[in-house]
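We call the chains A, B, C and D, going by the order they appear; numbering starts again at 1 in every chain.
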Amino acid sequence: MSELRIGVVGAGLMGADHIIRIQNRINGAIVTAVVEPDEGRAKSAMENAPAAKWYPNVEAAIADKAMDAVLIATPGQFHEPVLLPALAAGLPILCEKPLTPDAASSLRMVEAEVATGKQFIQVGFMRRFDAGYENLRSLISSKDQGELLGLHCAHRNPSVPESYHNDMLIFDSVVHEIDVVRFLTDSPIETVEVKHMKRNSNNHSGFSDPILVLLKTKSEVLATVEMNVSVKFGYEVKTEAVFENGIAEIGRTSGMTTWFNGQISTQEHMSFKTRFAAAYDSQIQRWVTATKQGKIDGPSAWDGYLAAAAVEAGVKALNTGTLQNVEYAAKPDFYK
Amino acid sequence: MSELRIGVVGAGLMGADHIIRIQNRINGAIVTAVVEPDEGRAKSAMENAPAAKWYPNVEAAIADKAMDAVLIATPGQFHEPVLLPALAAGLPILCEKPLTPDAASSLRMVEAEVATGKQFIQVGFMRRFDAGYENLRSLISSKDQGELLGLHCAHRNPSVPESYHNDMLIFDSVVHEIDVVRFLTDSPIETVEVKHMKRNSNNHSGFSDPILVLLKTKSEVLATVEMNVSVKFGYEVKTEAVFENGIAEIGRTSGMTTWFNGQISTQEHMSFKTRFAAAYDSQIQRWVTATKQGKIDGPSAWDGYLAAAAVEAGVKALNTGTLQNVEYAAKPDFYK
Amino acid sequence: MSELRIGVVGAGLMGADHIIRIQNRINGAIVTAVVEPDEGRAKSAMENAPAAKWYPNVEAAIADKAMDAVLIATPGQFHEPVLLPALAAGLPILCEKPLTPDAASSLRMVEAEVATGKQFIQVGFMRRFDAGYENLRSLISSKDQGELLGLHCAHRNPSVPESYHNDMLIFDSVVHEIDVVRFLTDSPIETVEVKHMKRNSNNHSGFSDPILVLLKTKSEVLATVEMNVSVKFGYEVKTEAVFENGIAEIGRTSGMTTWFNGQISTQEHMSFKTRFAAAYDSQIQRWVTATKQGKIDGPSAWDGYLAAAAVEAGVKALNTGTLQNVEYAAKPDFYK
Amino acid sequence: MSELRIGVVGAGLMGADHIIRIQNRINGAIVTAVVEPDEGRAKSAMENAPAAKWYPNVEAAIADKAMDAVLIATPGQFHEPVLLPALAAGLPILCEKPLTPDAASSLRMVEAEVATGKQFIQVGFMRRFDAGYENLRSLISSKDQGELLGLHCAHRNPSVPESYHNDMLIFDSVVHEIDVVRFLTDSPIETVEVKHMKRNSNNHSGFSDPILVLLKTKSEVLATVEMNVSVKFGYEVKTEAVFENGIAEIGRTSGMTTWFNGQISTQEHMSFKTRFAAAYDSQIQRWVTATKQGKIDGPSAWDGYLAAAAVEAGVKALNTGTLQNVEYAAKPDFYK
């Protein structure tokens, strides 16, 4: 196959960013379709994709045989109506997280994929492609410092829009740690509990952060997650791993160091776009390369479902203040 | 007053260390009495204190007018029988932590001190004299980064002796964070809860660590404490403070950096003796200087009592797995 | 233009690496020709470039219209016989450093390019594409910390092959700093002087390192370069910039930090391949993108000539132990 | 001996600082005499030394048997007239650097001391008591990273007073590195050369800095010293050591790290007073302790002479722009 013809569904911030990425930095792919009901937004994004054609819905693009693979970049609640026809058409899919907003619908996606007899869906948990998480996972599986006992995660944003509400702390933000904790430990999350730190007055009235989420895996690793979306200084995502014989930490920024005005300083990130730029590139490049070989090379629909189930328990934990057990369906042989 | 004549009670590891400190590094003090039932141990420690006389018990030293002030360095369960006669004799006291092992006896010490009409007791929470904690406290009270919302503490030892048992995780180790959290926040701890991380197989059979302790202050600051006594790599005590607008961290070691064998490295501490050497020196120097002026300059008996009450709730939290409220007696006007 | 068809000249380590890069990570380019006299070596490299055809010399590839652009990755002494026919054929060229091994031949290349009436040649000083050097250059030109006064550079390799000899310290290694100092200061190097540090016994007998090279620019910035090719620990390239009001440093590695065996450590690079991997990718991507637009986007043949002249003076400085002035031809209007 | 009675000569900034140090932080010493022609200045400094008596000159204090040891804290040109009577009186002396301002007078001091038959003089090169330099010296002598090949030193001040003039770059500032390079390498400095960086416009008109000083030891170690007294950001003294198999660096500040306003920062020093506070304390404590045992425990008069000889060559190198050999008298057996 020469260039993989990609249809990008959703031309908002995330979709437009992916179009630029594919057109300018990714080897072996080209954007040939932009699926977006809002024609103006579609046309604006298509300025960076001269070979792309506009389609108001995915069915039209499929009917037109406009693409070899689909990248879904719409908000989570709109994923199912794109996933189903794309699966039916036998198209490889990279679906931005979450797979779908709740466990039941995610399980339906899993079942729909199983019914096709082949894995088509990869879920956009891009942290798995960040060098830090990859290195930490290798250290864990090497057992060079003994067994992993615990993880301390911090996930800090300078601010969020007014539309961001309480439950999004879990399903939009902590969802990353929910996936990453399982990725690092290779063990499902069994319980979720949420504690409140003192409320940050930078918050808009709709919600209360920061929170501390306690995740316990089946393998008895306790992960703490400080989820913090109003801590002005910048954007920081880090993880400290506690082993039997040592400690490891990922996520410290680096770069130019300056001595100025009595301070020795390094620049911190202000957004996930710079913090995870390399991870996004790597995710898409590896997806394109694998797709051309008929494979997936990243988190599966089943991973998406597991995250959705833990998120659902997390939201309940946030709203009730109590410890929640996470219930999972049995894993289909298909994903083994 | 010329040199403050100090009687050191207890000539074990801690007492012997304090004797060397006072004799070699502290201005304006001299060890004139060593109180220790074991004569051999006393004599050995006295090799570093040529002006000191040996006493088998504190009453004998008091009767002999052998000292102007008392430094108590015995294990916690032996503090009360030294504190009471020293108070009765009107001697200034620096008492190693804990004041006493439980809230009831600590409250008795408070009452005994109140009855004398003057503050004589300082408790050896030496972290308050560490430059890191002092700087962090200043930053908190400055509100330069907004209100303090939470604290993440890690307290890590390479190993502990066989005699170390489960409850000591709280009353011997976490007790430091219990005092420091109040010192940093100026607010009492209201609730304590304990979670288990995966058990470290380096542990001897008597107990299970690491643990995660959750402390919530009256001011709603949530503090997490990873208490870890078997994590071979070294000794580390650090605190990360989460503010409304920024983050601060203390406790990273520094020193010579080496590039060798593909690694860029800095030496980590292996013991509290090096990590807090300067804090111990500063604590004793400031106590000596203040004592000569008839003052105390450090945590009071009341601070010792508050810690004892929170420790008692912490031990219960550890043993029951449930959240515990901490109950305190009313604060005497005497300490205001 | 769809995909830029690239002919790679030289299929040694560097050429093979570039082939993999273009085929797997670069957008909009494809390797269609491999020019290499050694057929076995060519065929081995071509396993990663299924669309490429083998040519024993560049003339054959040109005659066959096998490529739209040329990437020259042979040793420096073989550049001229490739550059001349490629220029004659009007092909855009990315030529690995050095342009040619000496000032006279580099000036001939400049004149040959000027004669064509258009810029075709970009020289592979890839450090200009490293984020650290880009950030430092921005800081210098911003004058946020005042004027730049000096630079301290260190360039350290764990080892070099037996074939590496004394003059290569300058023309193969320091050549990078020679280009970078001018890139950072926007001022030509006027004098070069070489001092010897104590000889490293890890050296093979053929030469003596480390050396300290002193470069002074026309703008009076003094740059020190520690050139060190036998310092086993790893590969490190860093620059410290001294301004009127502050200091900046680039080149510290980062990544996962581990606490283990009493040391807090970060992994150091062992080779330029990892240290400058992102710079190589960025250099090639930007060259491909610019080439398709008929432009060059990097150091020119004139930059290559200036480096060659300073290198020649540097070799003389190394061999005589005296300060050398660097003489340059007048800059053609063509490059203004 | 009980408390060592110290006479402080000179009650300027440095002398006043030493008085506070001895009275408040040093064990086993007391200031009993302040020798200072300016009575007002003397009385002001004596507010911190209640047991001290004022003397307008050292002869008067000696005649009065006012002290057991002398600490000389006047400017260097006034050292000789204090050293000679103090030596004659058989008093142990801690003499702030330099021993005297030039090699000839320093050699006279050496000869005067040799004539007494006993070592009385210690010179105040306090960097030898800094933990960083001590650790680096241990690493060098351990040969754990192979032989030492070179040193890169930076000595940076935010500003200097109008009275600071050109030669002081060497005799007041670089003199520290001159002593430290010999201390680290255990080898005398054989040649000195001075290069100019671009002039800092923060300088007052009287002189031109920063400079780069090249020191070569008899053992062939090349040391570079960036001497910089107008680089506003703060005060920094660091050394990077280049070994056969690795690198080591001392002098990075540490302390509380803050994340704020998009920067991760640590506070830098603004003065030698904080940077070397612990070294000054350690120097005086060890001098007091050794003096009571009739010994010296630090750099000798001979060390002071060697530094003076190298400084003299350094000033000539600065003023002539040429490489200078350093000439030394033969070392008296007395110092072996």
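Assume a residue touches a chain if its C-beta (ideal position, glycine included) is under 8 Å from a C-beta of that chain, and two chains touch if they have at least 3 such contacts.
The shown structure was predicted, so the numbers you read here are calculated from the model rather than taken from an experiment.
Common neighbours of chain C and chain D (chains touching each): A, B. Annotation: A-B is the more contact-rich of the chain pairs B-D and A-B, by number of C-beta pairs in contact.
Chain geometry summary: the mean Cα position of chain B and that of chain C are 58 Å apart. Averaged Cα coordinates give chain B a centre that lies 38 Å from the centre of chain D.
One finds 44 Å separating the Cα centroids of chain A and chain B. Counting partner chains per residue, chain A shows two or more touched chains at residues 145, 233, 236, 245-247, 252-253, 259-261. Taken in their complex, chain B has these residues touching chain D: 23-27, 131-132, 135-136, 139, 145, 245-250, 252-261, 285, 289.
Only residues 233-234, 236, 252-253, 259-268, 270 of chain B touch chain C when the two sit together in their complex. Here chain C touches chain D in the complex through residues 145-150, 152, 154, 156, 195-202, 210, 212, 214, 219-222, 224, 226, 228, 230-233, 236, 242-247, going by the rule given at the top.
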